[in-house]
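Please see the structure below; I have some questions.
Chain naming follows the written order as A, B, C, D, E and F, and within any one chain the residues start at number 1.
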Amino acid sequence: MLDLAADNLLSPIVLSFVLGLFAALARSDLSVPEAVAKGISLYLLFAIGFKGGAGVAAHGLDPRLAATILAGLVLSFALPFAAFGLLRVLSGMSRIDAAAVAGHYGSISIVTFVAATTLLANAGLTAEGYMVAVAAAMEAPAILSALWLLSRGDGNTKMDSDLWREILLNGSIVLLLGAFVIGMATGQDGLDSIAAFIVSPFQGVLCIFLLDMGLIAGRGLRSAGVLDRGAVAFGLVMPLVGALAGLGAGMLLGLSTGGVMLMMTLSASASYIAVPAAMRVAVPEANPSIYLTLSLAVTFPFNLTLGLPLYLAVARIMTGG
Amino acid sequence: MQTHKAKRVEIIIERVMERRLTEAMTRADVTGWSVLPMLGGSGRSGEWSREGQISRGTGLVQVVCIIRPEKLDPLLDQVFSVVERQIGVVSVCDCEILRAERF
Amino acid sequence: MQTHKAKRVEIIIERVMERRLTEAMTRADVTGWSVLPMLGGSGRSGEWSREGQISRGTGLVQVVCIIRPEKLDPLLDQVFSVVERQIGVVSVCDCEILRAERF
Amino acid sequence: MLDLAADNLLSPIVLSFVLGLFAALARSDLSVPEAVAKGISLYLLFAIGFKGGAGVAAHGLDPRLAATILAGLVLSFALPFAAFGLLRVLSGMSRIDAAAVAGHYGSISIVTFVAATTLLANAGLTAEGYMVAVAAAMEAPAILSALWLLSRGDGNTKMDSDLWREILLNGSIVLLLGAFVIGMATGQDGLDSIAAFIVSPFQGVLCIFLLDMGLIAGRGLRSAGVLDRGAVAFGLVMPLVGALAGLGAGMLLGLSTGGVMLMMTLSASASYIAVPAAMRVAVPEANPSIYLTLSLAVTFPFNLTLGLPLYLAVARIMTGG
Amino acid sequence: MQTHKAKRVEIIIERVMERRLTEAMTRADVTGWSVLPMLGGSGRSGEWSREGQISRGTGLVQVVCIIRPEKLDPLLDQVFSVVERQIGVVSVCDCEILRAERF
Amino acid sequence: MLDLAADNLLSPIVLSFVLGLFAALARSDLSVPEAVAKGISLYLLFAIGFKGGAGVAAHGLDPRLAATILAGLVLSFALPFAAFGLLRVLSGMSRIDAAAVAGHYGSISIVTFVAATTLLANAGLTAEGYMVAVAAAMEAPAILSALWLLSRGDGNTKMDSDLWREILLNGSIVLLLGAFVIGMATGQDGLDSIAAFIVSPFQGVLCIFLLDMGLIAGRGLRSAGVLDRGAVAFGLVMPLVGALAGLGAGMLLGLSTGGVMLMMTLSASASYIAVPAAMRVAVPEANPSIYLTLSLAVTFPFNLTLGLPLYLAVARIMTGG
């Protein structure tokens, strides 16, 4: 376990994140152009989706797929309520801000998911390919819960049909699921034909992406003054709560060690792409600095450095893997 | 060169609201506009920068819209209905345009 | 702070015409200008967006040019000769500038 | 033949295009940053040019090279006249628009060419390396024909010496030919030294590019109202006419099966990079929605999905390859 | 729609000076501004373009700042202290704004 | 030696540069988007830094490391004085411009360094991994010397504490050193995990970057009118002076053949990233066309084509390598 944590902390991926963090905190002008960051995120989504789909094609459709996706949907719906309760206890932030934050923690962070698969691979483990589809399924439901929590408050949320389409068809969901389907349709042959693009250089590309995430998180930390202590505590405790819920679901479903670990990771991670966009439209009164800083500058680094190896160790013990 | 009086309306708004804004403009019968990128800025809600961003929730754009003076009021009404609850800045200045028949 | 009256000319034009426009401006003895990118827009010829574009034929830019008032007419004549047949928008507004000796 | 078409339809490349198409039609906000799309297109041009040049270096200069380039020039000059005639019969669009469209169909689409080489490679075939030079040669002449067709109309086209330079030295011609020459000069050694960049990841990069093409085509289709039925019919028939002309030329020249197929592909494809830019300058009155939609949203998808396997099957039958 | 008089200050300046400029603006008690990218331009120091640039030393941005009229003079003083020795252009125009309470 | 020069001139890297140069001089519209150029430069810095660090990890800490870095610092401080003297003799440019130019030649060009490592690799040689740290160390000191030369003139330079931070923490130094440390910390395992990203495609990526450098240099040459003959002569002679100084230092330190060659290259090359930015802030009166044109359009091409093989040949003779 400690070995695992140390190994993880000394991986090029985590160290690249730390480098970005350091550069931002030291106010270096190091920066990744927006277009490059977006390009890399397209690459990661395409690669991870495709590999998941090819994995499903290789092992055949698993009867657990539907149940696992269902479990993911339920978790994404339910976790914001836990997060909201926890926040109301721990932090003095407003009801609106708390609801907005809660929505982020029901949804998922795809880079955390990617880092988890990398950790699994390094540990010689694999997971069910369809976990990618579960990730996609968990992106949006939490937004609904957040809006429901809000409407019980000042009832001022704006939810139009456009917003629905934007949430359900947001670029990252479409690309992730689309690539998953392509991977499933083209199978091992498809994977072989583009493996030199989506498999071999993957970890290296991820380093550059995490460098950028470190830069963003570091810039976020500079405005961490918006968070009270309770909020920071929440950002460290909530992933554990989420992971526990994910663990329960994974065990109930009888997933593999890798599958359980990914389920924990998804539940433990917080969104910073799809949910913020929806919140800006539906709840402009909520302060974006609060939810972005918590998600990107507190929970993401925690998961990346300590959370992931912990989840893996726990998943191993619980599944005997 | 013959020029005509017009109004130049410049609206700084979050990218996620761009489509809603242009749809509102269309409702005010304004069908010509341009969207300019922004690198960053600062305001009451703090500083932001577009560098390295991956979140779709952050970032602003500037929508520029040149109209005949008589269209200003209906346009501002529509624009206001969109920016009301959002962050953003709306400014209007007088200008002269060539080829007024196009507006 | 001492300021001077000037004109701010803003020309929205297709990227393929940029060089032709700035050459025409030089003919009007105007040698200072700036080019700003645009993300998209809408007009009589429909909507366009710069996202994912690979064609060199699509996309517009905004050329901004601050000049002394007396240079306006010759400049507009030259500009008009270029934009005449093209899509695009030309607007002029009054402004004040620092360091007028530079213009 | 049917197998080939099915295989092609289920390739990651075509499916990526379909994914982009679907995302745009469903109004997802999925998008590829302009800088990334341009970067990828530089990559593709450099890679395809270099590989072509290295191919020529490997097989020695072929006496057919000059004749084939000449044939390409002639086809590019001639095809717009066929296209113009066909358009005047099939569609009610204005003379100006018809001439502008015609210019696009004499020129070529380099991505279609790239997709064709990929199809060839998957079928275990190769082609003459200098076909890349033929592609470059065919980009520009069609513009002349279009302008000639126009000048017979309202005589209002603006053709200045600047435009000449822009057409002949446009970025994609220069990069394609330049990389071709570099590939020829450095040969197999050069290719080996950068193969891990321009060969192995090529198909994967192409997927992302075709995703973007799908997005653009899908957005184009949403404005397909500008096309009358005849125009759409033209966009499907003209590639076949072009392919037939290319077939004739390829057979006369005695090219290999792969070479004949590429000659058909070049003739069948329509430009959407060089020609639109020239038309915007020289014939601003022509409606860009018409020629871009036809080229990108009708003919390109047709060639990519059905055209290419058809051309390959025909080339095989005719050359006995 | 109720609007209020304001000034729109547009400053074209080298990217390397951006932070120094916004810090000077803060000293003039101006905390709202936006930064727009530029593609290229031409002036007394020649032409430049952002294409393919890797040097951090080249390239300009446009900083836009909308203020109440009474803040103009202190702002221009501060701005001038920064742009004094640098290349760059400062222009001011009158405009009307919505939601004046925000400025 | 002649073979080496010819080989180098016919490498894909140099030819890509020449292609860019030609395209810009012919006024083609070929261009690399700024975001892509920046993205590639991040990639190169990360890769070169990481590989250097992994190299140090592999061979263990060398006692010469500290001495070599010290030598680099001294060279970077000292070379601007030589450059300034030479300029005052050769060219009629103003004192201010001469001091600004001098600052560029004490600092280094990381792409020239990268091209040199490629040349070494092709010649079957390696160098001390820590040369990357020496490169980073040599970036900034020259700026001080330039400012000192200036303050002796009109005494009007503006050196505030912000500028210090900007110079010492500029993005390229931070990334290069950061990646170096990551490479050292993760060693061969780290390198293996991302080699498919930072090693195999490296040369190919470098080609695209040099294409862009050629385009920029070509555009610079079009404004070469700002340079008098003496300035051009300086741009060709100063690299030789620098290389000689680097040779002396390398021999004294007892570096390997590769290390001596890299030391020569660093001393011979001129900055076009960090120093111009500092000069714009501190000495806005100096004409950027002069120092950018000299550095990018005269010295860089000279080093790339003739300088590097020369330095390698000399280093071989002197070290008997």
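By our rule, contacts are C-beta pairs under 8 Å (C-beta built on N, C-alpha and C of every residue); 3 or more make two chains touch, one makes a residue touch a chain.
Labels paired with UniProt names: A, D, F = Sodium-dependent bicarbonate transport family permease; B, C, E = Nitrogen regulatory protein P-II.
Please read all numbers here as calculations on a predicted model, not as lab measurements.
Any chain touching subunit B that also touches subunit C appears here: E. Using the average of C-alpha coordinates as each chain's centre, F ends up farthest from subunit B. Compared with subunit C, the chain whose C-alpha mean position is the greatest distance off is A. Rounded to whole angstrom, the centroid-to-centroid distance between subunit B and subunit D, based on C-alpha atoms, equals 38 Å. One finds 19 Å separating the Cα centroids of subunit B and subunit E. Note on chain placement: the centre of subunit A and the centre of subunit B lie 34 Å apart, centres being C-alpha means. Contact with two or more other chains is made by residues 36-37, 56, 93-94 of subunit C.
Counting partners per residue, subunit A has 29, 31-36, 38-39, 170-171, 196, 201 as the residues that reach two or more other chains.
Arrangement of the chains shown, judged by which pairs touch: an irregular graph that fits none of the line, ring, star or complete shapes. Under the contact rule defined at the top, the touching pairs of chains are A-B, A-D, A-F, B-C, B-E, C-D, C-E, D-F, E-F.
Here subunit B touches subunit A in the complex through residues 14, 16-17, 19-20, 45-47, 49-58, 85-87, going by the rule given at the top. Against subunit E, in their complex, subunit F makes its touches with residues 31-34, 37-38, 41, 158, 162, 170-171, 212, 215-216, 219, 223, 272-281, 284-285, 287-289, 292.
Residues of subunit C touching subunit E in their complex: 1, 3, 6, 8, 22, 31-37, 61, 66, 93-99, 102. Partner subunit D is touched in their complex by these residues of subunit A: 33-36, 38-39, 42-43, 46, 50, 165-166, 169-171, 174-175, 178-179, 181-182, 185-186, 190, 193-198, 201.
Touching subunit C in their complex are the following residues of subunit E: 12, 36-44, 60, 62, 73, 76-77, 79-80, 83, 89-94.
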